[in-house]
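Both of the next two complexes hold subunit A, though its partner changes from subunit B to subunit C.
Our next item is the complex of A and B:
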């Protein structure tokens, strides 16, 4: 089976692990356990009639205490940039990470996920900022690991892009 | 290895093998395992054997091979549940060497520190938001003002909350002046673990303390934080007692009760002085548990036990006189 490596990139506590858990196991847990290093999960999908095994690299988040190891991206077919829609600075962090990821993995497909869309009252990212990114060719989706909004769709979309 | 005496190199080798549990896997240009050895079992990879396609067993190799001339270092890769290894992939004439060093202990330690750091970051973000008037800020001068974003809406917030009350510090044979002096030491020892674990200390009356977990934003389940804080409190009072016993004085004892459930909370009073308040029968329940457990122990209710996750292993059913197995659980390990 064709195997594709997909990395989850983003600041700490934006919901990378929860997105993977929602997608792979269909569950969401309120209990949060910080990821240290990297954990790899597998998920088989069908893209255009072809069976593909996604290898999902759930990487530790980046913050002032720890940098994301870009060596993890070696051989990645695509990646998600994950930001927490209730924390504007996590989007800034995602923008920086995108540049670093491109330097390591090359111009592979990526999707920006603005996670925690279920916390609408606390939303902290202006539509204008997103419109700018979309206009420059980025794919941006609001997601929620809690409700499942756009989770399957995002992974399916990226899987499809990696096989084009 | 120039510049290192042979004896030092030998020692380094020994330390590396003893503490790093190194393992190696040699693959050919097609990615087939041609040799494997070292302490593979430590990494949960005991079944890696000659002849298998390495990528099918070692997920982290997908996309990496052929490796090229520049070695790759992948820190703290989870190779099996609770097993983390630093992975090095190095080119060889036949293909590539994959070399693993155990890092499970360091990862477990780092996770605790990182979790605390994340909690602090989230709390700071929340405070910053409240000061910048963004949605969720409580700058309104209403009589009842929600202070933290939480479940519920309007002016009262209902949340899954855990409370702790402890008491029974005082000994009737203690000199009152000495008791007040000790209370200062005791209070510090008791409240610090609560604050560390994101508990909101909002009731300190004499030797009794009321703490609410779940009102402050955290990344960890409130019940888990409450149990951790309570255990740390018991440890802290042991330290206080050790110092007292050295001076020939008797020990103080702490009894702790924890209850979990729904609670209404928010801020009352005006803009100049806001006071956190919470209403619900959880306080009565946790107080009752603390009184039931007697001196020097921790008793939790069924709801807390159900939410305690991995910490459930620390508890056993309380004796029938303490509510029975269906109602409460007693700390049996510390």
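Our next item is the complex of A and C:
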């Protein structure tokens, strides 16, 4: 079975942990996030007939007090950039994180998730910005840890990218 | 014409020729060809040779065969790709071979399979025995009872609890993970250890390593202790080995881990660098990791519990006593059976124990010794033995005599014995007894005859004695008369008595007797006169006996005159003796 290390990156409170929790049944307590700065779960998937075990590194969200431990990204086969669709600044943060991630993990596949798509009324990100990113080759998906929108699809997509 | 030569020489030349023919056909063609030959002739030849090498399968394969071993060796040294590429083919080849004829592989593998299986079985058995030994060691101690309670309380097996307590140290798990990604490559667990989720464990461990390094600035964590359990980490540039150790391990355990890690870097360096998430490449590293499985257990030889000693000694003593008793019993029994078999008139056909009792089956002569008497000699209780005898007649000589005695009822003057199957009778017996004995002997089983050479017939002896007395009687007569000389009453009485005795004895002996009364004369007178006189004297005596009512049947009187004188006549005394009557007794056996 292939194993792939996948990281979850993003500003704090964008819903990284909720996305993972929506996707897998973890065994570690969330307190790891605040102590060690990372919580790891695993999820077996099948990509093109090949069994792949995704090791999901849910990394502590970056905020004023805590920087993301970029060393956790070493050896990652892919990562998610997660932003909160209702908070424009989290997207900016994601763009910066992407650059830092690429510096550590190299040019590995990644997917940008605009989370909390269920909160349409509060949506804060204009389509033009997204179109620009898509045009530069990024994969951008709207997701919702609440409704489950695009959650499985996003993981499946990144898993597939990492095995290509 | 030259173009033909080229055509025959090979394809490349052929191509050039064709090009020439189509594009630059000119009258100078032979010259041009010649020039071309001069300029690139040798290259043509080399090219021809090369082409034929490649296009002729035989030559090409020959060339490849020449470089193939080296090519394989070089590529194998470079990385594992060749092995990976060949694996499906080899697997398929093995499968095909097995399908076609499984014996080929079986024969090839046979020499290694035995040792491999033996090793596996021995290791499994060894583990079991070790665990059993440890359990045994602690079973009879106070501590052991406490541990049993603990096992019952915690729901663990007793062996597990013993293991935990008697453990000095043990490497319970070994993880091999990829240093960069924290992905698990291999994980091995000691028997009876509850394995964690190894994937998550190694990933998290790696994260913690990173965290510590980033936060505290230490390059790597060597060890983390959680109570009795210690995590020992050995971090390499490409891979890391982590062991979970329970108990107080020796210092050199770390060296063992280092050696294993070095070996993995040496053997799997290329694979580690290219690692893309496929951990199966590292299956071959398991034996290296298994070297890290080390353990030591307390040996409590010096502290054997007194209770255990008492119990074991008591059991040993009981066993010894029981063994000794059993041996003694069997010794006694065997002695008895040996004696019984030697006993005359006893044939043992089967002997042994059944239903807690001894039994003996066989044949026994009623005259043989009583086996129960032998039992007493061997100190075996008669109640413990069941005899099943079939009666039979033994032909042993002592039994012949014993069996004959009550039948023959010999008089006290007769001794019985046996020799060569014959009954030997010695001494003196009545004729009647002898006759009966002869008859009875014929009916006795096992007796071939009667040896009576040493036996005397008492009645016959009596007969001879009476006969002798009879024949010694001499009755004297007055000269030239049939008148008895006076004063011979005693002789006459004796004659009467002896005659009666003779008849009685003969009857007893069962013989017929003949009595001759022989008359004699002296030498005076004529022969005729003497013949008549001698006959008269004998006849006159018979008449006299008749007159006395004495049975004279069978008595034959006759005279012999001077033919058989009692004494040669040399004087009157001799003549007086010759004037007499004498007696002859003859004995004839009766016709049967």
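Operating definition for what follows: the second predicted complex is superposed on the first by the 152 of 164 C-alpha atoms of A that agree within 3 Å, B and C clash if a C-alpha of one lies under 4 Å from a C-alpha of the other, contacts with A are read in each partner's own complex, and residues count from 1 in each chain.
To be clear about the criterion, a contact is a pair of C-beta atoms (placed from the backbone, for glycine too) under 8 Å apart; a residue touches a chain by one contact, two chains touch by 3 or more.
Here the structure is a predicted model, which means the values were calculated and not measured.
Student: Clash or fit: subunit B against subunit C, after overlaying the two structures on subunit A?
Tutor: By the criteria stated at the top, subunit C and subunit B clash after superposition.
Student: First (subunit B), second (subunit C), both or neither: which does A:2 touch?
Tutor: A:2 contacts subunit C only, not subunit B.
Student: Name the contact category of A:77: first (subunit B only), second (subunit C only), both, or neither.
Tutor: Both partners, subunit B and subunit C.
Student: With both structures fitted on chain A, tell me whether subunit B or subunit C touches more of subunit A's residues.
Tutor: B
Student: Tell me which partner A:36 touches in the superposition: subunit B (first), subunit C (second), both or neither.
Tutor: After superposing on A, A:36 lies in contact with both subunit B and subunit C.
Student: Looking at the overlay, does A:52 come into contact with subunit B only (first), subunit C only (second), both, or neither?
Tutor: After superposing on A, A:52 lies in contact with subunit C but is clear of subunit B.
Student: Is A:118 touching anything from subunit B or subunit C once the two structures are fitted on A? First, second, both or neither.
Tutor: After superposing on A, A:118 lies clear of both subunit B and subunit C.
Student: Under the stated touch criterion, which partner chain does A:102 make contact with: subunit B (first), subunit C (second), both, or neither?
Tutor: A:102: touches no partner chain.
Student: Taking the superposition as given, does A:69 touch the first partner, subunit B, the second, subunit C, both, or neither?
Tutor: In the superposition, A:69 contacts both subunit B and subunit C.
Student: Where along subunit C is the clash with subunit B: 39-47, 57-65, 129-137 or 201-209?
Tutor: 201-209
Student: Under the contact definition given at the top, report the residues of subunit A touching subunit B in one complex and subunit C in the other.
Tutor: Correct list for subunit A: 3-5, 32, 36-38, 40, 42, 55, 69, 71-72, 74-77.
Student: For the complex, which residues does subunit C have touching subunit A?
Tutor: 178, 180-184, 197, 199-200, 203-204, 207-208, 210-211, 213-214, 276-280
Student: Which residues of subunit A touch subunit B in the complex?
Tutor: Residue positions touching the partner: 3-5, 12-13, 30-34, 36-40, 42, 55, 60-61, 63, 65-66, 69, 71-72, 74-77, 87, 89, 119, 121-124.
Student: How about subunit B: which of its residues touch subunit A in the complex?
Tutor: Touch list, subunit B to subunit A: 55, 59-60, 62-64, 72-78, 84, 103, 107, 110-111, 113-115, 117-118, 121-122, 125, 129, 134-136, 149, 219-221, 224, 309.
Student: What does subunit A use to touch subunit C in their complex?
Tutor: Going by the criterion above, the answer is residues 1-5, 27-28, 32, 36-38, 40-42, 52-53, 55, 57, 69, 71-72, 74-77, 162.
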